[in-house]
Structure formats: structure tokens, C-alpha cells
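Chain lettering (A, B, C and D) follows the sequence in which the chains are written, and residue indices restart at 1 in each chain.
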Amino acid sequence: MDLSYSPQEQAFQAEVRQFLADELPGDIAERVKAGGEVSKEDTERWHAILQSRGWLAQTWPEAYGGPEWGPVERHIFDEEAARAYAPRILPFGLQMLGPVLIKFGSDEQKAHYLPRILNGTDWWCQGYSEPGAGSDLASLKTRAVRDGDHYVVNGQKTWTTLGQYADWIFCLVRTDASGKPQEGISFLLIDMKTPGIEVRPIRLIEGGHEVNEVFFTDVRVPVENLVWKENDGWTVAKYLLTHERTGIAGVGFSIAAFERVKALAERTTRGGKRLIDDPLFAARLAEVEMDLEAMKIFNLRMLAEAQRVGHPGVETSMLKIRGTEVRQALNDLYRRALGPAAAVMPGEAPAGNAALLAPEDEGAAASYFNNRKISIFGGSNEIQKNILTKAMLEL
Amino acid sequence: MDLSYSPQEQAFQAEVRQFLADELPGDIAERVKAGGEVSKEDTERWHAILQSRGWLAQTWPEAYGGPEWGPVERHIFDEEAARAYAPRILPFGLQMLGPVLIKFGSDEQKAHYLPRILNGTDWWCQGYSEPGAGSDLASLKTRAVRDGDHYVVNGQKTWTTLGQYADWIFCLVRTDASGKPQEGISFLLIDMKTPGIEVRPIRLIEGGHEVNEVFFTDVRVPVENLVWKENDGWTVAKYLLTHERTGIAGVGFSIAAFERVKALAERTTRGGKRLIDDPLFAARLAEVEMDLEAMKIFNLRMLAEAQRVGHPGVETSMLKIRGTEVRQALNDLYRRALGPAAAVMPGEAPAGNAALLAPEDEGAAASYFNNRKISIFGGSNEIQKNILTKAMLEL
Amino acid sequence: MNFEMTDDRRMLADSLGKLLSGRYGIEHRTRVAYAAPYHDPEGWEALAELGILYAFAPEEAGGMGGAGFDLLAVFEQLGAALCPEPLLGAAMAAPLLAAAGDDLEPLFSGAARYALAVDEPEAPWDPQAGTTEGGDRLTGRKTAIYGGQVATEFLVTARKAGRLALYAVKAEEAAVTPWGMIDGGGAAELMLDGTPARLLIEDAGEAVASALDRGRLALCAEAVGAMDWCYATTLDYLKSRKQFGREIGKFQALQHRMVEMKTAIEQARSITILAADRMDGRTTAMAKSLVGRVARKVSEEAIQLHGGIGMTWEYPLSHYAKRLVMLDAQLGDADFHTARVAATYA
Amino acid sequence: MNFEMTDDRRMLADSLGKLLSGRYGIEHRTRVAYAAPYHDPEGWEALAELGILYAFAPEEAGGMGGAGFDLLAVFEQLGAALCPEPLLGAAMAAPLLAAAGDDLEPLFSGAARYALAVDEPEAPWDPQAGTTEGGDRLTGRKTAIYGGQVATEFLVTARKAGRLALYAVKAEEAAVTPWGMIDGGGAAELMLDGTPARLLIEDAGEAVASALDRGRLALCAEAVGAMDWCYATTLDYLKSRKQFGREIGKFQALQHRMVEMKTAIEQARSITILAADRMDGRTTAMAKSLVGRVARKVSEEAIQLHGGIGMTWEYPLSHYAKRLVMLDAQLGDADFHTARVAATYA
């Protein structure tokens, strides 16, 4: 066994670290560290910086402008980026639609859309979930009816992340309702400026606006915007859902979260004693650290396996489950370490003499609540357990 | 609200306490406290003492020789008895068969069997579970075929507690296999001395022998040993399973277990510090104590309700679940408090200078393992959750 | 042994429940709870008119309650309705004013709003650890004063001759920095800088500890009310929401989690009843610790069992979930109180 | 990055596995594990002949291993077969003898059986807390010496001039009180009363700490092997056992618990790999704590998911379950090691 990276991987890690040190704008990193929402402008700036280095579309083949990193390189980048408080790369165009077009798109579609994703012309969002079709995606109801050289789309999508900024949306729509639920689904690209589209914000539990509802009323979509075959969109959807599963554990985020809690506990005093010296708090932190350390290795084991066989295994569902549990446990400890001050509404905290907490800690409770989503979205932990039951336990 | 006992109940409590102080033999209490198995002789001695006070058949009406206590009196007795380290009253004749005969038995059956239970002539055991029918009792397969004025019984029972001492066994047997599983079951009384019965011990995980398999090969049972109607034994079985559910939380046992752990931690030194002063150990003990204190009140709430409406509610299943969890948590802490010494095989511990632990603590690990049964037997915790789902959640 | 509420308390709880369901519908609640002054002045008056503030003191102090079960009856209703009004401060102030021999009529009528100022930034939850020095004027800093954003009078702890003393400070004479809470309602920081103060109780250690325990009991009862609401709402959701062709409540893994949630809530209710009956520090610490842990678990499970909808601001559950998590940090969190119980073993 | 075993270790593990499955079938194991001398002398010889004791020391000490991954390869197999032979003592003794410059051949050949005597009744798990005084003769008491019931030589810690020293004591010259363990295998008490001793290492603090950490790693690996067995056995049972007309593995609540069990085992395996790689005290403490907690949970869940059959002596699972619970208390339990990790934050 050998847990260390190969010399090439170590060199790559050093390169990434240097790149982040040189190129990640300090003001953006500050905002990410404070746990607030990252603005559209920050994301676009960071995407452009990555693109100028050729590292934006990390999974794309060189022919399409990507470095075609393997799972280990992507993991190294993710971990280093999270530690450096880089904003996340938005996945919708780069990690979701791009690979789909590369595999299933026509030559015209590739030639038109891929460069626009890379250069930031098009901001994409995802139209999968519907009010009645979350985990049970195949039960989706948004209809697309052929009318000459257009589809006419009616229906509703929900949980559309950052849809308020999007120029385009890729959608699963129902083009045939006569067969099984998985049949009769098609994959459509829709211009958000088309008449009949309405985006309504969904405010989340902590007050933030990152997801939306998207309503379609007689929206006319040119037939050339169909990707792959009509009624075979389920093939595309499955590819998208299963092929991009490395990084699912969010190890980098948890490492950063652990460091944050530990640093806070070191500078927090309660009744003349540092919080980190409180045996009960320190024990709780230690137990999470062990879980995190184990998960790092578990993650590397899965990466090594993915590299060996060419694709990630079903065990990544275990990483998804444990990864969300560890992150949520750290969010919980972070909030608790702040004591009564954690209760302050972000953006309304007293400043100056009357300050309750450091500005970077103001979002602790909000992050805790917002991150309840990570065990729900992207295939809830319950769905992951069902997947594992079927695939691995064969029960 | 009023959480205290009524003046009558308080007087009763004092009477029970006095009785235990005066009448419970010290040598028996010592053995119970040490957690070892209680011998047949100890049980018989204790039963006789209780019977001479009229307190043995606690749920039976006065007409049959019992005090017909209500749920609160029974609870008071159970709690005081557990605190005083009295042996448990064996339930098979007194709490199971007795009430069944009183409700479903013929006059002849009552006149014959009930006095013999009270005076200790007959030691009863229970023949319910079968290898293929544990939680799913209705799937039982032991057959009884009518042949003149006898039933001929063939089949196998298992988990027969203390069957090695029993004179008689009450059994559920299948007298008709043509209908639904619940139909065609009958309730039979069988003399253990009848030819064709073989009792084989089942050794449990910790090495003890308290349960058995009982095999029936062409065992001839007189038809007058049928209780209630042929093929309607399910009615009897349900009555037996549901009517006797107070005391299910085992509060008295948990109180005694808590005191034992606390006392041990007070006299245990690790590296110059008392274990009870270890913040992590004390916190774990405190969390169990809170659960126990809550459960005591939860139990009283259920008792008050049972007293009010005349029978215990389905919520007792919650008490069963939490009661076993609390007891098992205390067993776990007890074993852990002993450190490496807990590993000694009971009965093989070095004595004298080389003693590892106090003789009363020798059975700690064995009790921990043996008590894994309490969340399995008597309707596993999973079955209790299914019952609650159906009855209370209506899901 | 009797676990029924007395008729008086039942009537009070019923009329309070009626008032809250009429006046504090969730939309109204959300509007007033998250915007300064983080409460509804008219709602406060209506609550006072109903007479619920009298429940916080016994008859000999001019009230009509004062027992643990009175707090339980009131705060369970407040929790079920997620009411953001500053009643916690009144519940803790009443026994302190009574002990000081002060007039409680302004508290009962709602004309005065009291807040208890105990915590200091480096000494949360433990009044004995504060460093503010007592005298005719006070200098120091008090933090996380619940209801402080609309208090007319603060009851402030400070050290005097080695003992904990209690002072009254008028809001109009003090520097008060209000803030809104993420789970609704408000609090304030109190910056004392030679601020005039009136000595209420010279040796107030026990009285303050007991008042804080009353506040903890109130929070436990509030949590029980809110947990009942969450459980019932989640159960309704599981019965109506379909996935993969059947109600999600048909899935056994979710059923068992609902049973565990319900069992935990009944445990929390039970220990709260015990704390209300005993009204001692150790039992209250047990209750606050157990309830704090259960409340967080219920909050997290209720969201998870709902899925995405439970994460949204529009769906009332999210606000109950926030309250259930955040109240753990008020007046000492679960670990603080666990350590308090554990320390009694020594 | 590579998580495959080297060919050498794979071959060793395979041949060890083969020997164990041939010689230590569960009936044989149960017979020898629970009756004095709590091991099988012929089995011990066969293991020694296979050469596995060479895996405990590096080439420079005459061995053929000595790395963390060597311990892992051997003890995972021992755990999977529930082997009660006293190999833990040898694994800890090898580096100590090497550090002392002693001859290791008797250890490698199995002719000598070593046991490490560190714990004292009032100071379990922490060698620095012991009070036995060093010298040409030792007086004191050592407890819970694993494999001590058949040891030919004890390595004993004692204080000498304020430091922890290590001595060798011959079994034939000492008062040894053997005892059997509830999970099989044996241990002993060592009563020292002017017992002759040979000084091995004068300043042995670090060497002993490191040897103990090797023992902890070995226990983690043993647990991983036993947990894999329990998981596979429980899975088989869920697929074959029927209740209410279908395999109990079809019940979703049980399925989700199996997934949780499997996930926990993979976490335990992962941290054990990390500890084998790093071989430092802090990582070993993390591993021993996490594995101890997971092992207990796996044991309890495996029994519960089996129902009554899992509670019986006849069904092999019960013996695995006992081992998984009891190994937590060897060389420091989960809380001991959690506190050890927590102390590094200070």
C-alpha cells in the first residue's frame, strides 16, 4: 500500500497550490471564508482566471478545451481550492452539460455551445426537478409537444440553482406519456429569454436566494435544441447523474470547516477557560476529526479504484452519505462554539464596541441551516441508501 | 398535575418497602446484586415468601388468591423489588397462564391448575416461539392432530425460558392448516413428563443456560387440556401478549443499574483520578441518567392513563423501546467502567491478592451480552416500531 | 398521581392558544419576527390583556400562578405558535422583582417590559463568572439579552463585595444595541458605562440562579410545543406526499424514524414535566440538556423527512426548525447543562 | 497512491488465512479459546512454522516485516478467523527486544512466548501512571497481561530514577495468575515480590509507547477482519431468513441499517490503513477510538438484525460479537483514546 501521491501527482499538487496562491483574488477568498453567498461577478472572475490557465473545464478532453483531468487530479484541485477558500466552480455548464454535449450532442451543438460555456458567454442552469418529481425524477410532468419545427413546452421546474442569473437552461421534458415513466423523456436546451418563461425565487430557510422555480407557458423551442434522440432523454439523464461522482464527499469543504471550528475554539473563552480546553467540547471535536481523517482515506481508496477501473463505483454513495454527515456535524459544532452569539441574524450583527462575534463567524448558524440541504439535494441520503441496497447488498 | 403518589399509594409503598426489608433473604439479594443466575431454589423460596403474604399472583382477583393490584401498585412493587435486589417473579404461571385460565379456562381447569401455580407445585414454561416463527408468531408449525380423546402433538418450540425446570408447558399449536395463519391455532397445556418430549439446552452468548428447545414427537395430550375453543387459540394468544404490558420499561432494573455504575465509578481510580471525576465518563453517565429520569415520568404517565382507561395504550411500545435502550446503555457503561478487568470470564476470576475486581462486578460483561436479548425477545424493538407505525402514526 | 392540567391552567392555555392562532398566524409571525423591533406591540398588548403575565408570579406577589406548571402551560402554547414576543424576560423577572419587594403591577399589565441581563461575552450562561462591578453606577458589558431590544427595564447582575447583586437599569438611561435573531425575535447588547442603577437584591446569587432555571424550564416547554407541531406536520406530509407511486409514509425506514422522533419527544415532554414539578437546578439542567438535544434532532429529522420543501422560507416548518435548534444556545446549551449534572457526581 | 497489498504480504495473508480456516474452524476455536490454557499449543507451533512471527520485525532485526502494513495483513486474518493465539504480545515485544538489542530468534521461532506487562489495577492503559519501582528485583503488580497465561517471558515496565524502564522477567521465576477472557483467549496477573528482573531498556518511555501503539494497530486490524465477517454473515442471513412471508432483507428499515453498518466498517478500515501508514501515536489513537466505537456498534447491530439466533453460543456470530466489544477495553478504550486526541488540541 502506498497512501502518498505519485511524484507526478505531487508536482501537480504543488502547481495547483502555487496557482491558487498567485491567482486567487484575496477579496474573493475573504468572502468565501466568511461563508456568505458568492456573487455572480465573483464567480465569473474566478471562472475567467481558471480558463486562462486552461483549468476551467476540468473533465473535458483537450480537443474541446479542457485538461481532461483524471479523478485524482480533480480531487487534488478540489481539496487545495477548498483549503484556499476558492469559490466553487459552477457545475451546470462545465460539469453537467459540457460532458453531455461531448457525448450525446451533434457536431453543431458542440461547436456552438461548448466555446460559449468556456468563455462565460452562457450561464447555464439545470431543469430537472419538479414539484412532484424530486428524488423520483422519472415521474416528471413538464410536457413538450412537437409543433412544426418547434417544441411547445408547458410545465414547471423547481430547485433551479442560480436560475436567476442563467441565460440558458437544460431540461428534461416529457415528449411521450404513453409508456413507462422512464420512456418518453427528452433532453432540451432552452433559451431563458424565450417568451413564456418566468423565474420565481425560492427563499431558503436561512433567508438566502440561491434556488428558483421556473415556469414554462407555451414556450417555443426550436427542434434543433433537442440533444440526443427524442424520447431517449433518460439515457442522457442517467449518464449525467452517474458519471460525475468524484468529489461527492466534499472532503475539502470539511477540512476547511474543521480548521475553522478549531481556530474558533482556540480563541473563545468561557468562564476564564478556552473552549478548546473544555474536555467535552474537545472530545466532540476529536470524534469528528477521526471521522474526517477516515473519510479522507476512504475517498482516496475510491479514487484509486476509479482510476483503476475507469469509473467511480457505487461505494461513492457511502462517501456522499458520510461526507454530508461530517460536514453537517462540523457546521453544528461551529454554531455551538459561538454560544448565544450564533443567534444573530446575518447582516444585522452589532458592530464596533457592541460586536458579538468576528464578522467571518456571522454566517455560522445560517451555514448550518443552509447545509441541511446537502443531505437532501443531489439524491437524498435515503435515496443513496436505496441505491446501495440494490447495487451492493443485493437485498 | 401531580406527580406524587396518593396517600394510599404512599402507604402501600411503605408497606412494600418494609416487607422487602423484613422478608427478602439477604443471601438471595446478594446473588441478584452480583448479576448471576438465580437458582430454581432461590426462586421457589422467594415465591413462597410472597405467597405467604398474598402478593405472589399480583394480577389475579381475590377470588383466585391474588391481591388484584392495579397498574400503579404493580409498578410500585416492581420498582421497590428491583431496588432491593429481589429476584424477579417468574411470569409464566403467574402472569401469563394464570390470567389466561381465569379468562378463558373451564371451571375444572381453574380449580385444578391455579392453586398448584400458587403453592409452587407446578413450574410452568411457555411454548410459543418456533425456529421459523419468532416475531411472526402466526406462522407456527407445531401440529396437534385429534385422535380420539387425545391430541397428538409433533413439532418444535424454542426460546423456552427455564424449560429445564418446568413441570408443564403451555403451547400454541396448529390444529388446522387450511385457513389463514392466524386461524387454526389452539392453546394446549402439556405435561412435560409425557413421553415424546425432549428438552435440549440452548447456551446463550455469554455461556449461560436459561433457554431451551423443546421437541415433541407423537406426544399425546388429553383433549381436556385444551384451553378455550379449538382453532381459536389466537384470541388467547393476543390477550396474553397485550394485556400484560405495564412494567415493560424495566424502570426498576435501570434504577438499580444506574446506582451500580455510579458507585463503581466512585470507587474506581485511573491514573490517580476517580473515574466519576473524568469529565467524559461523567457526561456519558449524566446523559443516561437524564434519559432514565425522563423514562420514569413517561412510565408514570402511561400508568396513570392505564389506570384511567382500564388498559395500557399502544404507547407502551415506546416505553419498551426506550426502556431496553436505557438498560443496555447502562450495561455498556458498567462494563466500560471496569476497564480491562471486565474481560474476565465469570467464575474464573483470580481471587485473593490477584483479584481483578469485586466479586459483585464479575458478571458485568456477561450481563451486557445477555441483555442484548431484551431488545429482541418479547417482541423485538423493530416489531414494536411496526406496531407503533400502524396503531399510532397510522402510516 | 395525575397528569391532567388543572382547569384554571387548561382555560388559560386554551384562551392563549386561541389568541395566538388568531393573531399569530405564521405569515404575520414571520413578518413581525424578522424585522425590527422583532415583535408586535399590539400582540404584546393583547397577550397582556389576556392576563398571561399574571401566570409568572404567585398570589402572594399579586399574581395568579408562579408554579412550574404555569410556565409549562403558557410556554407550550407560545412554542406551538412560534410566538416571538419577549415573554421569557418577564418570566424570569417576576420572581426577582417579587424577591426584591418591587411592584409587579407594571409587569403584569405589560406596561413595563423586563429583560434579564446576565451573560457577558467571555462568560455566557454562568452569572457567577461575570466581571461587571456593582455600585450606584455600572460599567461593563452584558450580551445576548433576550427581549432586550424592546425592554423598558433591565435587571442586571454585577459583583458587589464578592457577592452577586442584582440591579435595575432603565433602558432610556442605557446604551442598548438591539439585534434580530436568525430564528425570529430580538435581543440586545447592553453597554454599561457609568450607567445609573438601582440596587434590587444585595445577595442575589440564589434568586438569579432560580430565575434562570425558570427561564430554562420555559424554553423546554416552548420546545415541547414546537416539537409537537413539527411532528404533526411531518406526519401529515408523510401521509400525503407520494414518491415512486406511493405515499412516502409507506416506506419502513421513514416509519421507524418517525417512531424514534415521537419517542424522543415524549421523553422530552416527560423530563419537562418533572422539572416543572421539582423546580430545582439539577432537574432543570437535566431537562434543558435532554430537550436541547432532542429539539435539534427533531428539527433535523423533520427537515430531512420533508426533503427540499422543508428547506424553504415559505414552508412554516423551516421557522420551527430554526427555533428548535437555536433555543439550545439560550441560557446554556446541552453540553453546558450536561456538565452541570455531571459535576454533581463529584 | 495504491491500496493494494504488496505481493509478499498478500501471499503471507493468504497462507495464514488458509492455515486458520483449516485449523481454526469455529468449533475448534471455541473449544480451545474458552478452556485453559486458552490457546492451542499445536496451533501456535503451526503459526510459528508458517513464519508469521517474522512479520513483526524488520530485516535489520532479523525479521521480514515490521511495518504497519505487515501488522495489518496478519491481524486482519486473525480477526476474520477469531484466532485466540497470543500474537498480540509478540507483536509488541518484537520492537522492544530489537531496541534492547536482544536476540529475536526465540520470538520468531515461537519457542518463546512474550507478553507485555504494563497496566496496573489503578493505572490501566497508561504506562507512565504505573508505580512499580525498578531494580534487580521488582515488587508490584501488573494486570491484564494478554497472553500472559502462556508467556515464557514478560516484558515489564517499572520506574527507575524517574524514568520508565523496561525489564525482562522469566515466567518460571514469577507468580503468574492466569485467567480466561469472556471473548476467548487468556491473560494473566503478574504478582511481583522481589522477583528477579533483567534490565532491557533504561529509558524506555518512547519505545514502550510505540510498542503499545503497534498493539493498538494490531487490534484495529483484528477488528476490521472480524467486522467484515460479521457483515457478510448478517447479509447472508437477511437474504435467507423469512418473516411475514418474505426475506427480512426486503424490509427497508433493515436495509438502511445494513448500509450504515457497511459505511461504518469502511470508515474503520480507512482509519486503520492510515494508522498503519503513519505509525504515530496520534493517528493510532484516532484509529483505536473510531474502531472501538464502530466495532461495538457492528456487534450490537449484527446481533439485533439476527434476532434470537445471534444470541446463541452455537451460532458463531455470538463469539465474533463478544470479541468486537471486548477488544475496545484492550490497550485503552475509545474514550481513553478520544481524550488522548483531544489533549493534542490544547
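Rule of thumb we're sticking to: a contact is a pair of C-beta atoms (placed from the backbone, for glycine too) under 8 Å apart; a residue touches a chain by one contact, two chains touch by 3 or more.
In this text the structure is predicted, and so the values were computed from the model without any measurement.
**Student:** Where the contacts of subunit B and subunit C overlap, which chains show up?
**Tutor:** A, D
**Student:** Quick check for the class: compute each chain's Cα centroid; which one is farthest from the centroid of subunit B?
**Tutor:** A
**Student:** Would you mind pulling out the distance in Å between where the CA atoms of subunit C average out and where those of subunit D do?
**Tutor:** Here subunit C and subunit D have centroids separated by 51 Å.
**Student:** How many angstrom lie between the centres of subunit B and subunit D, each centre taken as the mean Cα position?
**Tutor:** Computed value for the inter-centroid distance: 37 Å.
**Student:** Whole-Å distance, subunit A centre to subunit D centre, using C-alpha means?
**Tutor:** Computed value for the inter-centroid distance: 42 Å.
**Student:** Any chance you could list the residues of subunit C touching two or more other chains?
**Tutor:** Touching at least two other chains: 251-253, 255-256, 335, 338-339.
**Student:** Mind pulling the residue numbers of subunit B that touch at least two other chains?
**Tutor:** 279-280, 283, 382, 385
**Student:** In the complex of these two chains, what residues of subunit C are touching subunit D?
**Tutor:** Residues 251-253, 255-256 of subunit C touch subunit D in their complex.
**Student:** If you look only at subunit D, which of its residues touch subunit A in the complex?
**Tutor:** Residues in contact with subunit A: 1-6, 69, 235, 238-239, 247, 249-250, 252, 255-256, 258-260, 262-263, 266-268, 270-271, 273-274, 276-277, 283, 286-287, 289-290, 335, 338-339, 341-343, 345-346.
**Student:** Quick one: which bits of subunit B touch subunit A in the complex? Just the residue numbers, please.
**Tutor:** Answer in residue numbers: 279-280, 283.
**Student:** Quick check: in the complex, which residue numbers of subunit C touch subunit A?
**Tutor:** Residue list for subunit C touching subunit A: 34, 119, 121-126, 129, 143-144, 177, 179-183, 187, 189, 191, 242-244, 251, 253-254, 296, 300, 303-304, 307-308, 310-314, 318, 321-322, 325-326, 328-330, 333, 335, 338-339.
**Student:** Subunit D touches which residues of subunit A in the complex?
**Tutor:** 1-6, 9, 72, 262, 265-266, 276-277, 279, 282-283, 285-287, 289-291, 293-298, 300-301, 303-305, 315, 318, 321-322, 382, 384-386, 388-389, 392-395
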